[in-house]
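Starting off with a structure, shown below.
Labels run A, B, C and D following the written order; every chain starts at residue 1.
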Amino acid sequence: MKAIAFITVMLCGSLIMFSTFEFPDWGDPQSPASSHLSPYFIEQSLVDTAVPNIVTAVLADYRGFDTMFETTVIFAAGLACFFLLRTFTKKSRTERLYRHSSTGIIINIKKGGKRPDDSSKFERIDSLWTPYDLIIKTTCRLIIPSIQLFALYVIAHGHHSPGGGFQGGVILGASIILLAISNDLRSTLRRMSEKASAIMAAAGVLIYVGTGLLCLLMGAAFLDYEALAPLLQSGRIMARSHGILIVEIGVGLAVMAVMIWLYYNISSAGKHDEGL
Amino acid sequence: MNQQFPALIIIVPLIVALVITIVGWLNKKWCFPLALAGLTIPLFVAVGLLLEVLEKGVITYHLGGWRPPMGIEYRIDHLNGLVLLVIFSVALLNLIASREKILAEFPEKAGAFYGLSLLFVAGLAGITITGDAFNLYVLLEITALSGYALIGMGNKHAPLAGLHYLIMGTIGASFYLLGVGFLYLMTGTLNMVELSQMLPAFYSSRVVVFAFFFCLIGLFIKMAMFPVHGWLPNAYSYMPTAASGLIAALTTKVMIYVMIRISLLVFTPSFVFVNTLLTSAMVWLAVIAIVAGSILALAQKSLTRMLTFIIVAEVGYMVGGFWLGNRDGITGSVLHIVNDAAMTLCLFLAVGSIRFRLKSDRFSDLNGLFRTMPFTMIAFVVGGLSIIGVPPTCGFFSKWYLIKGGLAAGSYEFVAALLFSSLINVILFFRIIEISFFNPQSGGKNDDHTIPAASGINEAPLGMVATSLISATSLIVLGLYTNVLVGRVIQFVL
Amino acid sequence: MIWQLDVIILTLVIISGIAAITIKDLLGAAILFGAYSFLMCLLWAIMGAVDVAFTEASVGAGVSTVLFVAAVFQTTRRSKD
Amino acid sequence: MNDLITLVASKYNYWAFIILMMLGLYAMIVKKNLVKKIIGMNIFQTSIILFYISVGAKEHATIPIIEHSHGAETHPIQAINYINPLPHVLMLTAIVVSVATLGVALALAIRVYRQYGTLEENEIQSQINQV
């Protein structure tokens, strides 16, 4: 099997390599890819959309429809993970373990017993309790706000520098994932429930589609942000720039929520217990 | 509003999918009506689009208001209009049939199920009408991702089948992406129409030939053409019955449609059909697919698995018909896309009802089914007759065109394979009819406790019976109006 | 762009790719895959694709690795090949 | 000899993409472990992204963000000075697609493990055959 696969792969690879000799040279400014469509984007995007970052302009405006579906793909992934993994049927465990935070005593409450209600003194644990690392917890507490601030900067500054809704959304999501790793999943779920992340994911994509639909209702083509000029109180070109910003915010929201949603479901295999 | 139809047909299911996801967390009762609305509106839009295309010719729509090479263009011609209509009718019928099954199989995830199936349909519709080679890839992935999730929710072996499908599907999509990359490397554009104008200058180049092959390999994997069909039987037989009508009826057909579109619109027939070695190789591949699919179907012991191998054989019909390269062959291939979607839907809906009632679909459990589930079995028999190719049903007419094309192209092996496969189908379906009609209900070795003891009628719920009967009727209607379909729509494809 | 740097990173990418698929410990494979993604991100940054590199750094080297590690924790670390 | 050097210099990026692609394909065919297959799938996808980025590369050009400080308006924007942005846009989408596929693949792998208690394909197959 291995030998056959190796031979097939080598054969296939050498065939493709054979075709590379007719490729235009690497980095050649005269190659068709660099000389047909891209000069228009490079020379006109600042004029058309007032966005200096050409990638953002092309991503969210010229090819905004692709990006809408890119966000939808991410949303579909979150929904698919939820659909595949989440288990709602709780095994009605007869006993629950609680740990008294200050003394470290673990109490085991059998079925029917009174459960401690003051959650600041007792915390629920599953089977074994791994001690929190104070250094990691404190460091994460210090880092997370700055990560989130940076993420917001990335989203908002995508017009002028590398970045945009997608990267910022991933970083925002990563900050919450960091919280879930440094503490445990259950306490993170109390701060941001699965329901909230699911609704935010759908809402983020809805912002994108809704913007497009608004353009459509204003009489222009779908996602033609110029039609929003009367609503945004700005010129037609600035309307494109603002439209891109709105859309990027939607992307950021959706991507953040989906990253968290994915992590919740994969790290606990859908049970939403302690997680990693 | 009329000129916004091409956008609306994608946007409506997409928005409804998003809203359903939100609503699913709040109140599950609203999911089904919303999903119904999310497929009914695009169905009417699709009818409107097809009528407009018939009247005025090709419709183009520039998303974002940018003209084609810069922005993304949607392009609707006769072929897409027809496929769009098929997609939404199949999806709507399956949705109505799936309501009870969802309540039985995964009630608390109903919102997610409807959301994913609407995303699936939106992706398919986008694939059908997009005029941009890269946009097609993105939409392909949406369809595929929601498809993997829907398949993975089936019985206990489904996750593995879904994972295999995911790995194969990703290889396929990546090969397609690589092919598009090669085309972009040579021309610098992604718009299909512009590609077709710029490519003739490079037809002698190896890179373009490789690009065509990569696209073709990718699509072959996605449509489960014979040597790379390995993912299909397991994935389709383990998936939940609620999704089976949708996925089994549409995925492969839309991929074959994409192959036809890429070959005819991006690469012109003068490039595709000029090499007789290639075309005859493809026809031979199709012949092998038909024969192998039919023989493997004969070896199966349960309804769904038998149908999955019939699908493998049917893929061979359509691919072979297209690669015959003449008018009759391509007409037959396109007609068979429509007919096969309807036939597969009809059969999978009927089998879905049987599985819903019996919790099994092995041949040995079907005894006396004509007495307990008469309407479902009528639909099943009509579907079977159509697969065999008995005259009043639509399956006959597409096979007729395919055989005519095969004779005209002089590839008698294809004609022989078609006839052989029809013969096998006769055996397959009459065997089931015999078991379910003549065998006594609790006869011999098989008094399985899953079969209800009462000998009275024990039909599936109304929604399922009605949809399977509607789809069975559509087979006959499609058959009766074949000449209209060919004369008004399909002849403009070429 | 400096071609020496390009070649060095390309070699490292290929090495870490081979390592990721040959190592028998799945957690190690996940981390090596993270390294692979990060080196790939450097390569794209050298070629001037800053946005893509940024995305790959946050997605490929960040979230993907976390998801891999999470999945390995939920399943098993051992692999026979 | 000189020709060979120019040939290598102009094509080695493409060759690296082919090596990575074949590496991913090999892992997907040969490896029995499902997580290894998923890693191979990701390497395969990344290699195609590398190919697109190589197509977009342009010598003596800078990143595709237009200089827009005050006073820069006098310089006309010339395409030769900036790298082709279109492949970057396409590949942003492709990266997103690859992470989405990864998430679904891992979810399916977890479910497979829950069902069979192993990730090795041959062990799963023997379990299925036993029943």
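Here is the rule we go by: a contact is a pair of C-beta atoms (placed from the backbone, for glycine too) under 8 Å apart; a residue touches a chain by one contact, two chains touch by 3 or more.
Bear in mind the structure is a predicted one, so any value in this text is a computation, not a measurement.
Between chain A and chain C, the least number of touch steps comes to 1. Chain centre most remote from that of chain C: B (centre = mean of CA atoms). Centres computed as Cα averages put chain A at a distance of 19 Å from chain D. Averaged C-alpha coordinates give centres for chain B and chain C that are 37 Å from one another.
Chain centres here are Cα averages; for chain A and chain B they lie 32 Å apart.
Distance between chain B and chain D, defined via averaged C-alpha coordinates, is recorded as 30 Å.
Residues of chain B in contact with two or more other chains: 134, 138, 141, 145, 148-149, 152, 159, 184-185, 190. Annotation for chain D: residues 9, 12-13, 19, 21, 25-26, 30, 54-59, 61, 63-65, 86-88, 90, 92-93, 96-97, 99-101, 103-104, 106-111 touch two or more other chains. Looking at chain C, residues 1, 50-51, 55, 59, 63, 67, 70-71, 74 sit in touch with two or more other chains.
By the document's touch criterion, interfaces exist between A-B, A-C, A-D, B-D, C-D. The part of chain A that touches chain B in the complex is made up of residues 15-16, 18-19, 22-24, 31-38, 40-41, 61-66, 69-70, 72-73, 75-77, 79-84, 86, 88, 195, 198-199, 201-203, 205-206, 209, 212-213, 216, 220-226.
Here chain D touches chain C in the complex through residues 9, 12-13, 16, 19-20, 23-24, 26-27, 30-33, 35-36, 39-40, 42-43, 46, 49-50, 53-54, 56-59, 61-65, 83, 87-88, 91-92, 95-96, 99, 102-103, 106, 109-110, 113, 118-120, going by the rule given at the top.
Contact residues of chain B toward chain A in the complex are 4, 7-8, 11, 14-15, 18-19, 21-22, 25, 61-66, 69-72, 108-109, 112-113, 115-116, 119, 122-123, 126, 134-135, 138-139, 141-142, 145-146, 148-150, 152-153, 159, 182, 184-190, 205-207, 210.
Listing the residues of chain D that touch chain A in their complex gives 7, 9-15, 18-19, 21-22, 25-26, 29-30, 54-61, 63-68, 77-80, 82, 84-90, 92-93, 96-97, 99-101, 103-104, 106-108, 110-111, 114. Residues 1, 3, 6-7, 10, 13-14, 17-18, 20-21, 26, 29-30, 33, 36-37, 40, 43-44, 47-52, 55-56, 59-60, 63-64, 67-68, 70-72, 74-76, 79-81 of chain C are the ones touching chain D in the complex.
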